Every structure is written in structure tokens, then in C-alpha cells.
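I'd like to ask some things about the structure below.
A, B, C and D label the chains in the order they appear, each numbered from 1.
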Amino acid sequence: MDQFADAPDVLRDVPGRKTVVRAGSAEIGGGAFVTMAGPCSVETERQLMETAEHVARAGAQVLRGGAFKPRTSPYSFQGLGREGLRLLAMARAATGLSVVTEVLAAADAEMVAEVADILQIGSRSMENYSLLEAAAHTGRPILLKRGMAATVADLLRSAQCIVSHGNPNVIVCERGIRTFETSTRNTLDVGAIAVLREVTRLPVIADPSHAAGRRELVPALARSAVAAGAEGLLVEVHPRPEEAWSDGEQALTFEQFDTLMAEAPRWHELRAEAAVA
Amino acid sequence: MDQFADAPDVLRDVPGRKTVVRAGSAEIGGGAFVTMAGPCSVETERQLMETAEHVARAGAQVLRGGAFKPRTSPYSFQGLGREGLRLLAMARAATGLSVVTEVLAAADAEMVAEVADILQIGSRSMENYSLLEAAAHTGRPILLKRGMAATVADLLRSAQCIVSHGNPNVIVCERGIRTFETSTRNTLDVGAIAVLREVTRLPVIADPSHAAGRRELVPALARSAVAAGAEGLLVEVHPRPEEAWSDGEQALTFEQFDTLMAEAPRWHELRAEAAVA
Amino acid sequence: MDQFADAPDVLRDVPGRKTVVRAGSAEIGGGAFVTMAGPCSVETERQLMETAEHVARAGAQVLRGGAFKPRTSPYSFQGLGREGLRLLAMARAATGLSVVTEVLAAADAEMVAEVADILQIGSRSMENYSLLEAAAHTGRPILLKRGMAATVADLLRSAQCIVSHGNPNVIVCERGIRTFETSTRNTLDVGAIAVLREVTRLPVIADPSHAAGRRELVPALARSAVAAGAEGLLVEVHPRPEEAWSDGEQALTFEQFDTLMAEAPRWHELRAEAAVA
Amino acid sequence: MDQFADAPDVLRDVPGRKTVVRAGSAEIGGGAFVTMAGPCSVETERQLMETAEHVARAGAQVLRGGAFKPRTSPYSFQGLGREGLRLLAMARAATGLSVVTEVLAAADAEMVAEVADILQIGSRSMENYSLLEAAAHTGRPILLKRGMAATVADLLRSAQCIVSHGNPNVIVCERGIRTFETSTRNTLDVGAIAVLREVTRLPVIADPSHAAGRRELVPALARSAVAAGAEGLLVEVHPRPEEAWSDGEQALTFEQFDTLMAEAPRWHELRAEAAVA
């Protein structure tokens, strides 16, 4: 445990102690399984509303969707920005879902926090400490994704950074690490999920979409993450994945998402019973 | 799929086509969940018999135990060798379990095959082609473990090597890869399990013990592997792990093993239902 | 080369075409070897002035020193901030060295650019696109460090991002990647240096200090980087490394730095002759 | 240094203590730079004789060439075997070069040792302990290549294994490790070379060909390895690389090899002077 000494405030010092994060109508880490689903990017009103309505009906609690996208080229699609936030707010109003969306720049934190119930810090930003600080100060719960080359200790250090800026509501998310293997986009590290469940009081969720890289593999990785202890999933879903403006290959169709939603809670239940032992 | 073009004879060319491996009383890949359990090393008659009887009662089908150990120093414990094989045969006779044990050297293949129902090729030997050939020629089923730096494509190439020497009965085993993460011994690659289930007709199992590196994490990794699609588990169990001659930290106690055995089939069942979708 | 297609404006389309970056009195990529040296952090006036005067006398062209440090904890040393920039300006005035210092947050870019001749983008920030944009807009040359899990293609994509915001003066820096090896802090990827020299018109330098992790290894890695084609070095030097406020283990003593400076140009010369062939 | 505690007999306990390996007419680790060059595989008498004569004239001391190849498929080229050994012996007689060639199977160790001045243990075999033992017992010097996922500590443990079987004449060889980077075949770990030079008494050489994966990058990696401290190089050369039966993309042409041979000793000299400091 010495490797986690830099993250004292997120460790599970008292046995059984858990942080339960409340975000809009959703509760993460409280025992119930949580699904955060939606498109990679918010594209159009129709695309977002269709998706939000579908995932709400299927049982998701949180709508995901990027309004600000980390893109290298100033010429490529950067996300809809404020307009994307407006559409997310509209989808929340229509469905009752909570909203999680990424904040990329410290200067945008307040603006994003006006709409988002949960601010997402992406993998590329896990060690962007000024962003972590700005996000922490909004008071919104933070979904912190593991960096592609970050150890579990690194991830908890970044979580500690947020907590020490006065915001205890952090959810950590395993999303695959970069290794030599090329048959998946990233290597989903279920060992990290198991270690996180053991050492931290924070809720732990998983993103099987970015690990898989193609939709056929998402259900197996989703199950596997839940079995390892993930308390929720962050999943990409699109009404017409082949038309998606970004990451279409890894987005589930509505039908695939429905199947996943029929299954995941049973895996979580089995896991919960097991955890008693 | 182009990346697997070098392994044509192990791919699932016909949808649903599966290799079912029969080894003694056990059947791997036929739909029923298979547990291979036992100590890292065969140490004493008492240790092996106690373990064999316990794992048989708990529902395992196969007894694992090393008679030949890959050890660097000529001064450290190399395994009991022939005497280890004798004890494995005795344990089989007493319990009805099948036996899987590692063969390290081509020259030993025939000798090990006289006792073993399944010959194990260890991670360090995955690309030892003369050993693969010698093992193939014994006619025994082969349990082929993935190398620490081997891609899924590399693993299937080695499986192909065995098959092209006339032995179609290969079981492939994910056991964790080497990455930068240090909170687990190796990084269990559940994505590889999912990909293997998709592309190969061979049975796919997982070794959560070597991935975890410490027993507390083994159940979570075991569940996770099954949820990803593993058709069986290879698990280290020891009557008194703290006294084990090798790898004691990752060996389950009998009590932990019983809990796992109560659980694993339910995970496999849930997975089997899911797979219909 | 297809893997570099996203970075068209930094590739060497015309054979021999090179970007020469001018920054204060220094010129990078123009054929002469460049040394950027100084402490990890600016600590005190005495520490910085001593170091600046020493490295200038020894032949360095650029003074490095962090005024803003990427630190997880709000309680640990964050760098001297504005006061650090003031000291850097004072050291430049006294020695004629150019100054390179890291900018961590987009909001600080203009302020840092008032003092810095070169803005450093650290490894953790390589994919912080809003920071890249803000840094680009200052018009100052940018020193872009490779991320710990970034491929050469990823690095060039980030360089392209800066260039497409109208700033062609980018220097790329190899500083070690994260691998399973633990006997060095990071794995210096000299193959990446060789590939970069082949494909990009941008100047390529190396940071042997962060790759090594301890000062004894720095000279060997410095030589090796130059031999692979690095056109300059970014090196940590401290008057009393054992008293350094950060990264003291990898800082060269003045004596070690002098030895390096006696050597490095000869390696560079040999490399330059070789490159003719 | 604790990480190397399992390899006591290969550490440099006495400052400056070095193992000098004598093999035929060659001496490795004795201060003079050593080049081992030749084709990946021995193909034909003409190909081998042409290459041997050329590399001898250019100043190489050792002829490399594979008679036994690690190939997965029983249908692909396995090397010429005994006939390859015969041709190597013929080339040695004609040129005075020493011969290094790989032994893949313990059963072949004696046969290969009848011809080889140095037995090569390939990357895939680094932890094949029965092969290490058989090779050690031949009494021939051993060239031990680092495994693709082996740490420096693992490499020294395998070297220790050979030494504890009574054979002190081991040369260790860095040849690139497996990482996420794809612009080179493997990542040449020059930090490992520097660490090895620091901790072991054994001669340390490098194989830039397998790290590079294509011939254009070989010279840069060769220089870089020498600058990091490599005492020799193992390089692939072919009279007509485009016609090579294996690994043709990474074989140097004769012309490229001549350029390398004109350069490498100057790098080594510069390194030797530097090492005084």
C-alpha cells in the first residue's frame, strides 16, 4: 500500500468506508449499478434526443456526450461547444437523465459545470493539474479517467489532487492502457479495477468502449469489468454508428445496448453477492 | 483478421465450430466449465494428496502441479522431477482427476506424457518451437500459455505450430502480460480472451493466479476472465500457502478455493446465456 | 509514412528541408549543437544565478528552469511562479543565455511568454490541445516534449496542432517512454530520435535526465541520443543536487556537466560527418 | 542494485573487473570493438561466402548466420541445419572469422558447438533454462540475447544461470524490447546498455538490426548503442537484401555495411575516452 501513500484522502482507511457520489438523479458508488451512455460527440439535436430517450428507456441513469472534443487539428470537428451543452441540457430536461460531459480547458470549467451534473476529465487530461483544480472548484462531481500510461497510483494521486482542492466527489474510471497488443484498441486492465475496489473509497467505473475499439468486443469487456468490481459503465451508443462523426466503430447500436442493459445488472448482482465472501 | 493469417488451422472458419479437447475424465471447450487447480509445485505426497482430494471434492476436473520448474539457479528447487510425476499419477488414481503438468524440455516430453493427461507449455516456452513439436508428437492435449510479451496473433501462431505437427488438441491460456503497471504481477488481458473466443476454435482458459500475484486479487480476476469468455480456469491452491516452496503469495487457501468454486459456474452460466445474444 | 499523414506540415516533404528555430541568442536545428541546461525548478536567486553563470561558461546556449511545476498536491512546492520568471529574466540579463521554461496552463501562456524565449510543453501536456493553442498564439518558439505513452505519430500530431495555429517554430524532444523496465526511470527511445530525424523538418532534441532518473546514467544517455541524431540536449544541472527541491537524483553536478560539455560537441560532429553518408 | 541480487556471479564486484571472452580469433570485452556480421539465415554457399569475405575485408571479427531458425510453421524455411553449419565452417576456414550461430534446442547444443566459436541464445530462448544448461556445458562462449519482455535483471539472471553451470564466458546483447511504439520493430533500450555496463562484468553488445526493423535506421541505432557503451555490434548484412529468405528488410547492403565499419570504431574510441571521466 506504500505505493498509494501520496493519496491519503481517497484511500479506504475505515473498512467498508465508501464515497457515494450524487449527481442529479443518479447515485454512483451506493450499491446500485450505474450506466452512463450516449454518443462520443453531441452532433445534432435529433441524434442526441433519440439517443437520450433510448438509453433512458433502456435503464441508463446518466447521458454521456462530448461537447468539447480533444482534437489535434484546428480544421477537424472540435465538438459543438456551447451549442452541445445546450442540447445536453435539453436532453436532460426531456428524459430526467443526469449529464456527464468532458471539460478540456480550465477556462471552460464553470461554463461546462452550469450544465453538467458530472464533469469528465479525459485520459489525456488526467495529469493536467490546473484543469483538475478548476474542475474541483466548480463543486460538481468529477469523473476522472485513467491516463493511457498511468499506474493505479498515478490515478489515485490525481484523484487526491481534486479532493485536496475541496471536492470529495470523484469517480475513477478504468478505460484501458497502452500496451504492445494490437488486437484491441487499448488493454482493459481489470486488475486495476480489482485493486481500486480494494484500496480506494471512491466509486470505480469502467469504459469498455475505448478499450475495445470496436463494438463487437464491448459486451465482453463490459461484463468483464463488472465482474472485476466496476460499479458502473461508461458506454458509447449511437443511433446510426456508421454515420457517427467520431469513434463510430466502437459505438453500440441501440439493439446491442438493450442486450447489454438486460445483462449488466445481473452481473453486478452476482458480483455483489460474491463480494460478501 | 489479417493479423491471424499465419494460423489458419486454429481459426473458426465455420461459424460455431469448436474444438473440444478430451483429457482423461475432463472435457474442455465442450460447454461445461472446467477448473484446473493445485499447487504451483508438487512438493510432498501429503501436500499433493491433500490438495487433490480437496479440489476434487470442491468440483475441479483437473489437478495442476509442477514437477519440472523453470528456475534460473541450479541451486534452487527445480521441482521433484520424476518423483513429482509419480505423485501426480498417485493423486489421479486416488481422485479421478485428470492431470496437467508442465514440460520444460523437449527431451522430457515423452516421459511427462506418460503421466500427464495434458502437457502444459509455460509462458516462457511459448515460442520454443522444438518443445512445441516434441509436445505435439506425444499426442497428448496441450495447454499453451501466452508469453508475457506475446500478442494474440503470436499465441495463435504457436498454437498453429502444434496443430501443424499433427496435434489438434490445443487449449490456449491467457495469464497476464507485462506492462508498466506494478500493482498487479501481470496485466490480465481480458480483451485477448474476448478476441480469442471470437477468432479461434480452440478452447480458451485463463490463469488468474499469475496475473494477480497475490491471492486476495485472484477471485476478482477469475470472475472477470470468465465474464470475458474464459471456458475454464487454471488456479493455484495450496493447503498452507505460507509454507509453499514457490509462489505461495498467489496460492488460494482451501477456503478461498471453495468460495471460488461456488461462484465460478454461476458466472459461466450467465456468460453462456449472454453468448446467445 | 502513412502513419504520419495527420501531420503534413511538419514532415520533410522536400529532401533536406529543415526548420531552424531562433530563440533569443540561440539557434536550434541549424547545424550547431545546442545545450539547454539548468535546474528542474527555479528555487532561489543564488541557486539560479550560480547555475546560469556556470552553464553559460561551460558553453550552454539556453537556460532551463521551472517556474510552474506540475504537482499533484496543493500542499507541495508548485514552483515560484511569477517570481521564478523574474529570476529567469535576471539570469538571462546577466549571462546572455536564452530561457526555456514550462507553461502548464493556457491562462499563463502570455505571462510566461513575456519572459521565456522558448515555451516548454511538458510530457503530461503533450495532448492538452487548448494549451498547445494558447502557447502557439504567443508566437514564441515551442519545445514540445513527447508524452510517456505517445507514439512518434502522436508527437507529430501535436506538433502539427501547434503549426496549424500559425506557429511554425516547434522543437520536438524525446525524453523516455513508459515501459516494463525498472532499472531506468523511463526508456529513452533512440529509435524515435532516428525516425524523427528522418521524417520531420523540425529540430529534434533529447532529455537524458528524465529518461535516466539518476545522474550516473545521464552522460551515457546523452551521448547515445546525440549519436542517434539529437541536435541538442535538455539537461538538469544543480549546484548542490542533494539539496534540490525536486528531482535532485537526476541533476548533474557542475563537474559532471563540464565533462558532458567537453564531450557532446565531439559526438555531434562525428554524427554530422556520418550523416553525409 | 538489490534488483540484481539473484545474479551475484556476473556482477562487477571489484571495480573495473571485466570478463574478456575469447572465441576463435576474436576477443570480446577486452577493449577493442567487435563486429559480428552476416546474414539472418545461411542460404547458399555463394551467399555465405560472398558475405563472409566482404565483412572480413571490411573489418568484422565474427561471422553471424543462422543454420537453425525459430519458425512457427513446419512448412516454412527452418534453416539449412547441419548443412548450414558445414557452410559456416567453410566460411571460417576461408576468412579466419570466428563463427556465431544460434542453437535452438538442447539436443543440438553439442552439434552446433562443434562448429560455432560462440553459441547464440536467441531472444525467444532467454528463459529456456534447459537450453541454457546444455549450451553452458559445451564449454563454448555464449551470446545471450535479451528477451523482448525481459528486464535487465531477468537478463542477468539468465546469464547467472549459464555461469552457475560452469561456463563464465557469456556476452549479453541488447536487441530491443516490445513496447507500444510501432515506427520501429522494437525499442532499442540504450538505458539498459548503460546499466549493464555499470553493473555487470560481462561484455555487452547490441543488435541494431532487430530493433530497427528496416535497414535505413540501422546505422543510427548502431551509433547510438556504441555511444551508450556497447562493446560490439551484431548486424545483419546480405549481398542482395531484397532476395533474402528471411528478414531482408533489416539487412544492410555491403555498401551500407562498409560505411558503418568506417564509422563505428571512431564512435567506440570516443566512447572509450569518455569513459575515463
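Criterion: a contact is a pair of C-beta atoms (placed from the backbone, for glycine too) under 8 Å apart; a residue touches a chain by one contact, two chains touch by 3 or more.
Values in this document were obtained by computation on a predicted structure and should not be read as measured data.
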Touching both chain A and chain D (chains): B, C
Winner on C-beta contact pairs when A-B is weighed against B-D: A-B
Classification of the chain C:chain D interface as same or different, half of numbers criterion: same
Chain whose Cα centroid lies at the greatest distance from that of chain D: A
Euclidean distance of C-alpha centroids - chain B vs chain C, Å: 48
Whole-Å gap between the CA centroids of chain A and chain B: 34
Distance from chain D to chain B - Cα centre to Cα centre, in angstrom: 34
Per-residue overlap in chain D, given as positions that touch at least 2 other chains: 149, 177-180
Sites on chain C touched by chain A in the complex: 6, 70-75, 104-107, 124-125, 127-131, 133, 147-149, 157-158, 160-161, 164-165, 177-178
Footprint of chain D on chain A - complex, ascending: 178-180
Interface residues, chain C side, partner chain D - complex: 3, 149, 151-153, 176-177, 179-184, 186-195, 197-198, 211-212, 216-217, 219-221, 223-229, 259, 263, 266-267, 270-271, 274, 277
